[in-house]
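The two complexes that follow have chain A in common; it is paired with chain B in the first and with chain C in the second.
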Partner chain A sequence: MTEKVGVYICHCGSNIAGVVDVEEVAKWAGENLEGVAVSREYKFMCSSLGQELIEDDIKNEGLTRVVVAACSPHLHERTFRRACANAGLNPYLCHMASIREQVSWVVEDNEVATEKAKAMIAGAVNRVQLHEELEPSLVPVNPNTLVVGGGIAGIQASLELADAGYPVYLVEREPSIGGHMAQFDKTFPTLDCAACILTPKMSDVGAHPNINLLSYSEVEEVSGYVGNFSVRIKKKAKYVDEELCTGCGICIEKCPKKVIDDVFEAGMGYRKSIYRPFPQAVPNIPVIDTVSCTYFETGKCKACEIFCPTEAIDFEQQDSYLDIDVGNIILATGYDLFDCKTIPQYGYGRLANVFTSLEFERMCNASGPTEGKIVLRDGVTEPESVAIIHCVGSRDENYNRYCSAICCMSSLKFGHLVVEKTDAEVFSCYIDMRTNQKGYEEFYERLLEEGMNFVRGKVAEVTDAFRLPGEEGKLIVQVEDTLLGIQRRIPVDMVILMAALEPRADAREVGLQFGIACSMEGWFTERHPKLDPVATMTDGIFIAGAAQGPKDIPAVVAQGAAAAARVQGMITKGTVEIEPVVATITEEMCSGCRICNTLCPFNAIEYLEDKEVSYINTALCKGCGTCVAACPAQAISGAHYSNEQIFAEIEGLLYDVISGNGAKAPQVEQEPVPA
Partner chain B sequence: MTKKGKLANYWAASCGGCEIAVLGINEKILDVANAFDIVLWPVAVDAKIHSIEKMEDKSIDLCLFNGAIRTSEQEYMARLLRAKSKVMVAFGSCAHEGCIPGLANVTNREEIFQTAYHDTPSTDNPEGIRPQTETEVDEGMLYLPVFYDTVKTLGQTIEVDYYLPGCPPEPERIWDSIFAKLEGKLPAPGSVIGAETTVCDDCPRTREEKKITEFKRTWEIIPDPETCLLEQGLVCCGIATRAGCGALCPTVGSPCIGCYGPNEGVEDFGARMMTALASVIDSEDPEEIDRIIHEGIPDPVGTFYRFSLAASQLRRSTLAADGDGEAAASA
Partner chain C sequence: MVKPSFSDEIANLLHASHGNPLITCIQCGTCSGTCPAVDYMDHTPRRIIGMIRANLKDEVLNSNTFWYCASCYHCTVRCPAQIDIAETMYALKRYSIWKRVHQEGLVGPTFSETFVKTILRSGRSFEPILATSYLFSAGVRELIQEGVTATKMMLKGRLPMLPPRIKRLDNFKRMVSRVIPLEAE
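Then we have the complex of A and B:
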């Protein structure tokens, strides 16, 4: 070895030095490890003085490799790489040994910790000498952005970007943008009308010259990498010519076929076979639902076509495809509601007057199926008592362990609406009240004053089996009131189930399509839960809103704007650096067995049919090493993680075991056997 | 050709197939006979070891040594032939990687003797006699080789110039290695004769992206003749096995069992196979994955290390070569 290695051991205040004898380790490394030219310890290596120590040694001592034994490389690898670069050393010739997270914080015995720190440093010193100079590459960033999902998160992100002057493609699966928020009546805690604050933004989107709104469309294919994605979008046939349609709505009026609207009205109301989900839909162009349309069923009718004043109806229309190039993608695909039928003891679907939270939202909405009147399933009777059951499918180890975050506040909102619109008594059966944002606790207090009854306990059952006086004809909520320490049977007319927020049913497939990961539950995983909440591990793919986890409207809007800001930063900079720690396939060694093809979490591997070999797009590769490990022919090598580097590190880690016996089994001299 | 060279073939722990396989080069054997005096070839030529011992060092031009090293006698012969030969070729899988004899490394001498001389149903050994290295009889001392605890490859025993993989090696490759010597175009020391890619490269079957839901034994299905055997659930080791055989087995519907050993640069054949297969099992459920593996691969060592156990990273380094396992274990 001809490398001159500098070893720098950080005290991290007392974080490391309180457990590891850093002076001893520094002295030992300088005296015992091959290749070490300088070995120092310092109170805070990450401070500017600590960094200067490294820079000076590189310049004055001619160091060719640097090992910093400090915290996890997650925290300061960048810092020390930069220090090396400042002194003219390729940053990838620097390596960190994590003697805080992996030693001083986890090893209790000081002597053992000191020995372990030595082993970690020996491994790092061995490995760093085999490091190669790596150079990041620069690629341009396309200024177009794809936003997937037209709920409030996607709307916010699109408007931020479009207002800043950048082109946006907004793809929405349903015929209109608006998402869940468009279904709501009021928003907590201010009781603003949801439509009043949402629809202006929706029409801004529809009219914005920088936004290409692709409603009733889905992303079919994604390829490429940060700054340079190619996306194929499927525009589902609307059977209405968007150019000709004026949105007058005569077709809807004349359509003779009425079906239950399971999506927007949550099964509470009806729509026609040609429809738009709600009056303020953007775009306001209707679509034909071919499953229920009489013409598609029987070949007869065409009422819409006959009455359309602009001849916009086109029964022959086919799905079409649009190929676009974008630099960044924001996924704001929202959430699904927990299916309340999953919990049979709550009676939803069996007991008529058990409603889901979304059904109740629609009921409260002035343009909803009951025009805002709170009534039982018969459509006329006003309830005299209402029970709201919290945490239906949330905070329950049988369904979802997590808290759905918005239900406590929605329940309070519902309670307020019941009190405001009816004379009914309201009971809220909760586990814990969670009202921890601005103005929320005050809203809770307001409801306490308005006379809402709060019962702390998880509901066991909702039943119509009466046995006590006053229960006949009622729904009985069986609940343990844990504050009073008694079992209660609360007879009510109406029960509202606060359904959990769940990841979209297809979230994992979408994640795979865009090359991002999902949590165990299925929420999209952010790059860092605290410090990088809207970026993902795939550069150029950002997430916003409830697709990342349950959250309320203010948080969703903040994330939409944050994601847009991140994208703007990328566009403004114009180029992006591609990390050089990537995997490559040696074509001659690849037999095209295709083991690796499905493994890449970033879709970086493609199979070249003509050459019958697999190929890694290095711009997409994150250097995770999955394919490197899986390749049975060892045709894939991972830069910065070569076998030689890893084995050298292992040998270093085992220095005390290896030195002495030479790692090889002793050759036993054998007596020659007479032939 | 002015002066004939000298050729030695030898077998150690092997089945003998490699010795015969040399004849697979057919009429080219006459060229070999023209070019070389064959000084040792137990299966075909009568020769005495003491005449080899008397030869000058490096007087044999080419030695094709097949078989692994399991006894002291085999080790002696390996060292002797190394000393006498200019070029030493580890010929075939046993010499190259330990092969089937190397599978004995999952056990040791004591257990092998216990089975062979006591436990098998056909053994009739009421006095419990076991082979001894030295036995005194009236005429003097009789010697038997020491049976080692651990089977070693030829390369782990002596310095090998190059390796010829296969069980047995294909005739074309055998000719390549002899021809290389004749032409004076020897490969780099320590190299393996074969391609730097794997059997899939030569396999005519069509390959798609892989997702395995069940592993099947060969007797369970009649494989489709067109598609990749692995995709049909058969554990075909072609993905990890060095090309050179011409993909003979998978071509006729029998999965590759890996006799040509790992590809260039691979440290451990079995580990490569296991990480590759583990990667393409199509399930997220740990219990189902467990079931797929346990039901489909009842003998992981025999499946993934059939040929390479002695050469693998699973080889034991603490058990002494002379078979004194006890002393080493306490060391």
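Then we have the complex of A and C:
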């Protein structure tokens, strides 16, 4: 071989050098590996001095290939490729060996680690000599953006983008935007009214010339790639003509059918069969719920149609589809509330005066079912005592392991509302009080001063089985006061369960539809948990809000804005580089069997009828290699992952077994397996 | 070799139990809140777990908590950390018997010891001997009261007159000796 390879081994401080004998590895590589012209080790290869080392060697020593043995390519591949490019070497002629994540962090024995590092470097040196020069292709970015979910995260993201002058399609499943925040009464810790701060933003969305609001709609199909997505949106039939409807509300008034509102009122109140979730709904257009509507049940009624002054009711309306092209997508699909019935010992659904947090939110809301009055299920009696139970379905291996992040603060808010509106005594049963944002601890102190009782202990059960004096007719909250070390039975009139936040029931399907991953629990996975919280592993798809994990309104808004900023960056740049690590088909070898066409997870392969061969759209190809492995004629080759390159790498990894390369792996004494 | 601490010893006893180790306890008190016998215990179950983790060996062994455990397993079912608390109570009972340290005046230790001895002798439990042997330690009045009940049951044929025995008792004893360190009788 004629390539001159430079090998650079990073100490990564003591991360690698603490385990791997880097001097020995560098010396060995220089002496034993074929093609290696330069072999060096350095404290931090990613520092500017480390990068200069590579650049200088390329210029002075005439290196034609570079191997950097350091951390995972996830972190610094771009850094070293750029260094090569700076010195005039094609960046794809640089390769990384991950001797931190795959060696020093996981191998305990220093000697074994050193040998493994050698093997990995031998593999990298072997394969890099077969690398080809690749050029990334540039594709334009469509300036339109799709935002999925019209909660506060989606609203914030849409407004940021629209205000910057870019067109936005905002898709919302429900008849109105607003999400969970629209259901709340007050927001912690400042206690400003949720509607007062949310509705101006909602009407901004409704009136914005750059926002195309698609309510009562769902994304049906997504295809394409970063900068150029095609999306099909299903607009569910509202049975109300959006052009003609003025939002006067007469139809709602006249509709004779009342049903329990399970969504917006959380089952606490009623709505009509033709309804908008709340008076400030955006868009202010009602929809007909065909399941309960008398006309759809019996074919008679049509009260709404008769009374509508603009003849906007259209019983013949069908679901319609809208095809749009967008450059980027922001997913802000929010959360579901944990089903409290899953925990039988808390009695929700069995004991009347056990409420969920969302039910209590609706109860406190001035426009809610009780007009803001805190009363028991009978609708009139004011409670004399209230218990708030934390961590219902959170921090519990039996349900959800994670902390739902918002419940401690909203329970303090609830405590305040009870104290403010009633004379009731409030007990908060918590495991740990988590008030760790700006102004939150102060709010906790305020509630201590307002006389809320805090009992440190997870509630064991809520029961109406009385046995002690004063318990009759009450709900008894049985809990250990862990700070006192005694079991307490607290008789109360009302119990509020602080239900956990859960991923949307269909989060996994949505993730699959958009090509992004979910965590074990079902939250969307970000590209990096700390440094890239709103991007995903799929370019052009961003996430914001509680769909990524439980979080409160300030954090959700920050994420919405962050996602919008990332999208603006993409649009302003105008073009996006497409990785050249893709598969290509050698037309002469392709038999046109079309096996690859159906296997491709990105729909990147099409069949050319005229030539009778398959063709790969490189802009869609992600270089996953599925087709390469499946092709019976071996007509498909994956750039950077050709058979030759992979076999060369394997031979390098096995240098000590294949022999001829000198060094031998040490004999490791294995612990005898206990009989 | 370093001598294992008290918390290590208890962890070892729980090694084969299906629950999570005691170090994962978040001290939430679900177990104590759930426990139907907690009023009789000098320390709540949660506190006992905390005391084990703090290596308070003497205090734990002199506590009556695990002897009052009724083995209803309600705590185990509800524990958010999925710790097998009832099994922990059993581990403490075994440990306490082996070390011959327990609070004075408890029925539990005598009962447990007699029960195991009865089983080892015949392979089956035999209430007339089991009950009398531990009731002696509880007092004469209880003994008479239980005697009356036992006679009634015996007359109705609900209590056997002679101790039942299993076949091949030697094999059984050898089997048990692999699990529990037996002393020569």
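Before moving on, here are some points about what is shown:
Here is the rule we go by: the second predicted complex is superposed on the first by the 582 of 675 C-alpha atoms of A that agree within 3 Å, B and C clash if a C-alpha of one lies under 4 Å from a C-alpha of the other, contacts with A are read in each partner's own complex, and residues count from 1 in each chain.
Everything below uses one rule, namely that a contact is a pair of C-beta atoms (placed from the backbone, for glycine too) under 8 Å apart; a residue touches a chain by one contact, two chains touch by 3 or more.
For clarity, every value in this text was computed on a predicted model and none was experimentally measured.
Once the two complexes are overlaid on the shared chain, A:R594 sits against chain B while remaining clear of chain C. Of the two partner chains, chain C is the only one touched by A:I486; chain B is not.
With both structures placed on the common chain, the touch criterion links A:N643 to chain B but leaves chain C unconnected.
Applying the stated contact rule after C-alpha superposition, one finds that A:R395 touches chain C and leaves chain B untouched. Applying the stated contact rule after C-alpha superposition, one finds that A:A630 touches chain B and leaves chain C untouched. Set side by side, chain B and chain C differ in how many residues of chain A they touch, and the one touching more is B.
Legend: residue contacts after superposition of the two complexes on their common chain; A:K458 is shown touching chain C, with no touch to chain B. In the superposition on chain A, A:I431 makes contact with chain C only, while chain B stays out of contact range.
In the superposition on chain A, no chain A position is in contact with chain B in one complex as well as with chain C in the other. Across the interface of their complex, chain A is touched by residues 49-50, 53, 72-73, 75-76, 143, 145-146, 196-201, 207-211, 228, 230, 238-240, 243, 262-267, 272-273, 275-276, 278-280, 316-322 of chain B. Note for the complex: chain C touches chain A at residues 20, 26-35, 38-39, 43-44, 46-47, 78-82.
Put simply, chain A touches chain C in their complex at residues 345, 391, 395-398, 431-432, 456-461, 478-482, 485-487. Those residues of chain A that touch chain B in the complex are listed here as 588-599, 607, 612, 626, 629-635, 643, 663-668, 670-675.
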